[in-house]
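Consider the two complexes below, in which subunit A is the common component and subunit B and subunit C are the respective partners.
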Partner chain A sequence: MLALLKQKSYRDRTLQTLFVGGLAVMLVIFVMTARTNLEAQGMTSGFDFLERATGWGVSFSLIDFSTSDSYLKVIWVGLLNSLFLGVISMSFATIIGIAIGIMRVSGNKMAELIGTIYVEVFRNLPLLLQAFFWYAILTTLPKPRDAYDIGGIAFLSGRGVYLPGLNVSGLSVFLSAIGLVIAFAVWLNLTTSRRFAKMMPKEKTARARSIWLAWGFAACVVMAMGRIPDTPLLNLPYLKGLNFREGIRVSPELLTCIVAISIYGGAYIGEIVRAGFNAVSNGQKEAGFALGLTPWQIFTRIRLPLAIRAVMPMLINQYVWLFKATTIGIAVGFVDFFMVISTSINQSGQTLELIAILMGGFLCINYTMAFALNRVNDAIKLKGTQARG
Partner chain B sequence: MAQTYSGPGVFKRIRDDYFSTRLNTVVTLGFAAFVIWVVWSLFGWGIQQAIWSPADKDHCGHGSGGACWAVIAARWRLIFFGLFPFEEQWRSGIACAAIVLTGGLSCVPWFWSARRLSALWIIGFAVFYCLMRGGFFGLTLVSEQNWGGLSLTIFIFASVTLIGMPLAIVFALLRQSRLPWIARTMGVVIDTIRSLPLLSILFTFAIVIPFVLPGWMIGDKLYRVIVGYALFFACYQAEIIRGGIQSLPAGQDEAAMALGMSYWNRISYIILPQAFRNALPATINQLVITFKETSLVVIIGFFEILASGNAAYGNAEWNFAHVEVYCFVGLIYFTFVFALSRYGAYLERRMAVVER
Partner chain C sequence: MTNSQSAVRISDMDKYYGTFHALKGINLDIAKGEKIVICGPSGSGKSTLIRCINRLEEHQVGSINVLGTELDDNLDNIDEIRRETGMVFQHFNLFPHMTVLENCILAPMLVRKQERHLAERDAMELLTKVKIPEQAEKYPGQLSGGQQQRVAIARALCMKPAIMLFDEPTSALDPEMISEVLDVMVGLAHEGMTMICVTHEMGFARQVADRVIFMDGGEVIEQAPPDQFFDNPQHERTQAFLGQILGH
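Now for the complex of A and B:
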């Protein structure tokens, strides 16, 4: 026996078996204990409860939901809400981040100062604290009767923000959003694929323009078809009695999550964008000047594309991270995936199954997102040594 | 006498930095106006029109237009110490100071070896724990349920780091293992935990673990959450350490092997010290994030500083003062996090000099 232990390959095999076997035994013990515990409490395990009616409602849903719908549907509602919140706040965070990043490398000391203060303040405070802060601010805005009026078309009140909407069906909005994604994919393909590399820049621009025009036209047609009959196209909110009618109401909960995640994420993305600009070597800029390009051209044609490409992997990590941050919705009462799961656990008692769904859901989303973004990165990443390092 | 060139003059520098082109001038003036407006309104709200003493608290609220710092003066003990028994709060204060001192001491280069650093932190943590819990030398026993405020935040942060750091080293070594099955299994575990939100991990440890563990292993909810958080921290930190190990030239390990050093000697004398040095900026960053995210335990129902802040304005007397309380709590977080991140930046510069 001891002689066998001295033999390296045998020892290696034993170690590996012990390690993997130990983990497996741990898992088995977990499952066995869980089963006995559940039996002692008289609970049935399994996923049958997903078919049952919930009996409770949700305060925000992108699809129709009533209390008689099943648990499966409420989980789907939560997932959609999380994705919705994630997409909106990531977009705003990107816009803020690019603006802040550009301010910090603009060469104007005043802009740099503001960018630095922004990043240092919002990056050094916990996201949850910021969410509580914005929630307290947004819910203590005046009552609808004294709401802040923004040009007569949008209103800020303690019961939410009222925005003008379009009288079109949700399906057509969804279809045009899908169309936007397709148009973006086609445009990405056009600008990066080899077949178009030799095309004249003017022709390339013309093609890109026609893609966006086609999308705009298709979106208009879809919207016109999905228009709710006998209503004006634009749906303005107006005060009637104690509350606003019509328009789109953005609840304080949703708005809090959007504002908090965008501002917090914007600070991080701003730092990443700045790192990207610093990674573009000065020679690129000088070569641009030598060719007689204007500062604006150098910025939009040389520095920005190179910077974005240099930091794409970091940005991908940040986006995956930002999506995970949407779970703070539960702190202010926004019905996101996590909150739906935790409410379901309270209501149905099916803890283990629901936690499994929660983890499975996040793994799927994160891996899908990382996969898709990595494909984008592969398509646009630098194929040479234009960036320093 | 030889003239030394001291760079462009002040006016030239100001012109270059702020007014080099017409566009730059406009941008500078616009942003300057913005900054002045923000500073002026903050000054007016926070200092000029603010109400400081709890005696004047009737003027607070919607009328005065200024901040009501009276709420801090009246409720600071709640924010800092939570539900800790009132007469014993000095213990909580000293315990926090001990941890802060420990943190300060670990910035001194003399402590920068694994043995000294771990000894320092174990002593600091033990002092903290004994002071907080009491139960000897005439100190009354205060159970963990009554801990709260800043000391609970610090307790969670310190214990997560203390448990998580050794765990991270183990994870990183297992993932770097030469044995494929160990490395692969560890990789799957680390990647899975990393792609889950911290909140879901904390939640799982708070409510699922009691189901799947035999009774004697369950323990208090606070400790379960800390273990869960430590596991999460260890997975992130393991990847950072792995990055540090991978950035070492292969020659280091090979040279050690050629000298006939054993695996443990190679790891503890050659690989890990250099790996930690390489990974230091990322480690500090991870500590910063860990400190900030201790706030998430509020959602699981713990009374740390953010929750005690919520409680400070959460009664009828002070219910209008949320902005002031959040500013104060934010300032406390900011002090810790900003100090830590500045220190990280200083270390990074210092290391860059050494490398040059």
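Now for the complex of A and C:
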């Protein structure tokens, strides 16, 4: 028995089992106590309320929603909204962060100064404060009648931003987006997996091209099938009376969340990207120059890929953390997951159940995201030991 | 006028790092096909000198002419010279995110606009020459130091340079790996490549060098064919240096 305990793998597994078991016991005890306490107060517990109609509406939803729909559906709406907000703002935060990080290592004094000021300002002000600031600015934009016209296809007004859209169903857009993720995963597997290492590069390039072509074709087909009948494909906003018609309206609330999280996240990601560039040794750059590569080629082929690899684990943490930041939606009234749950708590009184759903939802999303990004990291990380430069 | 037989011609060249005078009045004429070994104590400016030849460092005074192209602020000239010179570094400086083969074909494809399959064919030929064709699909981090340095040599050769610059290519290697790299360099020398090597491998210098150059304090102190250089050094600083590295 003692000998068994000394064996590392066995010991690790035993400890883990004990730990998970202990947690489960605590959870059961907690739930049972809460139940008896609630019943003593005459409150019903359980998840039956999820079937009930809410009786209240939401101001932004990616799927059809009416006041007669159930709590379950409203929670789903909130979750989708949070995911939507998260994906958009994390993409922008990444673009901003890479730009800021590059500015800070560019060697150009002016660019470095701008980058430094950006990071110091937006990293050091609380996110909530920034959200209020952007909300104030976005809601004081002119009325639709006097909206800023961007090339006649997009408009900026205090009632929201109006963008051109496609007259296709939401489902087809969603399916295309999922397709894009799958295509990316397959492509990453093809380019980095050992299984295809022996494949002729020519065939590899051809396969990669067919992956993207397949996705493009599938997306076109799905969009064509999802066409809303009797409408032009392009859906342009136009002013009618006091307001805009058609197009995609991005409400000031959603826009505030996107702007605030992108800018705040961009500052943090910028710092991470800068650290990544500093971690790339000068030797690789010099080797590139000695081979006759241009600064741009060295940047795109060598420094950027190495910098991203160096900070991938830090970036993953940052994304998990940024997703949690989507909960500022509640501060300006964007119906995100957190806000939907909090309104449901007020309306239904099922606090514990709803909080459990909230926590479960965030855990699921963040675990899934971290898991997926860790797979990406595994696929691209440097192979072998790097001690010899 | 540049002698058409000159590979590298350096005249009255000075190099400063800020106010620090790193190279002083360098004059050097290296013929095509010539093999030069540069040695000297640490900090004497050996690396600085060969890094000036492909503009990894910029000189301030005098002129450097490589294969008839003047090394000045004209970017086209710098590109031209970098295409014609290959460089091997002490710490290999391979690109760790690319396989050995990708390391080798990157510059031929981007700079020489070579087609991929041709670049790969040439790269495999050169990897065979440095005796590691079987490692082509591995990543640098999966190879030993000696193997990595041979990849670095193959990578530089893939650009078909007329001149090869080596900056202490074996000094980061364990003793048992030094000879595998030196063998490759000796082979290259026998093929007639113009080579400028900073190294303290005196056996290598004796075997292949046409001329050994001794530097100290940013100056060329003495230059002579290896026999004369090792057996009958003229300058007392050379004698002291040789006494140190050969003495034990």
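Definition applied: the second predicted complex is superposed on the first by the 327 of 389 C-alpha atoms of A that agree within 3 Å, B and C clash if a C-alpha of one lies under 4 Å from a C-alpha of the other, contacts with A are read in each partner's own complex, and residues count from 1 in each chain.
Criterion: a residue touches a chain if its C-beta (ideal position, glycine included) is under 8 Å from a C-beta of that chain, and two chains touch if they have at least 3 such contacts.
Treat the numbers as computed from the prediction; the structure is a model and nothing was measured.
Engineer: Contacts for A:Ile355 in the overlay, against subunit B (first) and subunit C (second): which applies, first, second, both or neither?
Structural biologist: So A:Ile355 only meets subunit B here.
Engineer: Have a look at where A:Ala310 lands relative to subunit B and subunit C in the superposition and call it first, second, both or neither.
Structural biologist: After superposing on A, A:Ala310 lies clear of both subunit B and subunit C.
Engineer: With the two complexes superposed on chain A, say which partner A:Phe289 touches: subunit B (first), subunit C (second), both, or neither.
Structural biologist: Second partner only, subunit C.
Engineer: Could you say whether A:Leu322 touches subunit B, subunit C, both of them, or neither, answering first, second, both or neither?
Structural biologist: Neither partner.
Engineer: Is A:Val119 touching anything from subunit B or subunit C once the two structures are fitted on A? First, second, both or neither.
Structural biologist: Neither partner.
Engineer: Regarding the shared-chain residue A:Leu128, is it in contact with subunit B (first), subunit C (second), both, or neither?
Structural biologist: first
Engineer: Which holds for A:Ala111: it touches subunit B only (first), subunit C only (second), both, or neither?
Structural biologist: In the superposed model, A:Ala111 contacts subunit B only, not subunit C.
Engineer: With both structures superposed, pick whichever of subunit B and subunit C touches the larger number of subunit A residues.
Structural biologist: Answer, by number of touched residues of subunit A: B.
Engineer: Find the residues of subunit A that appear in the contact set with subunit B and again in the contact set with subunit C.
Structural biologist: Common to the two interfaces on subunit A: nothing.
Engineer: Can you tell me which positions in subunit B touch subunit A when the two form their complex?
Structural biologist: Interface residues on subunit B, with respect to subunit A: 17-18, 20, 24, 27-28, 31-32, 34-35, 174, 179-182, 185, 189, 192, 195-200, 203-204, 207-208, 211-214, 288, 292-293, 295-296, 298-299, 306, 310, 320, 322-323, 326, 329-330, 333-334, 337-338, 341.
Engineer: Going by the contact rule set out above, which residues of subunit C touch subunit A in the complex?
Structural biologist: Answer in residue numbers: 54-56, 79, 82-83, 85-87, 89, 91-97, 99, 106-107, 110-111, 116-117, 120, 137-143, 145, 148, 152, 155-156, 159, 165, 172.
Engineer: Mind listing the subunit A positions that touch subunit B in their complex?
Structural biologist: Going through subunit A, the ones touching subunit B are 12, 15-16, 19-20, 23, 29-31, 33-34, 37-38, 106-111, 113-114, 120-121, 124-129, 132-133, 136-137, 140, 320, 324-325, 327-328, 330-331, 338, 342, 345, 351-352, 355, 358-359, 362-363, 366-367.
Engineer: For subunit A, which residues count as touching subunit C in their complex?
Structural biologist: The touching residues are 197-198, 201-202, 281, 283-284, 286-287, 289-293, 297, 301-302, 305-306, 309, 380, 382-386, 388-389.
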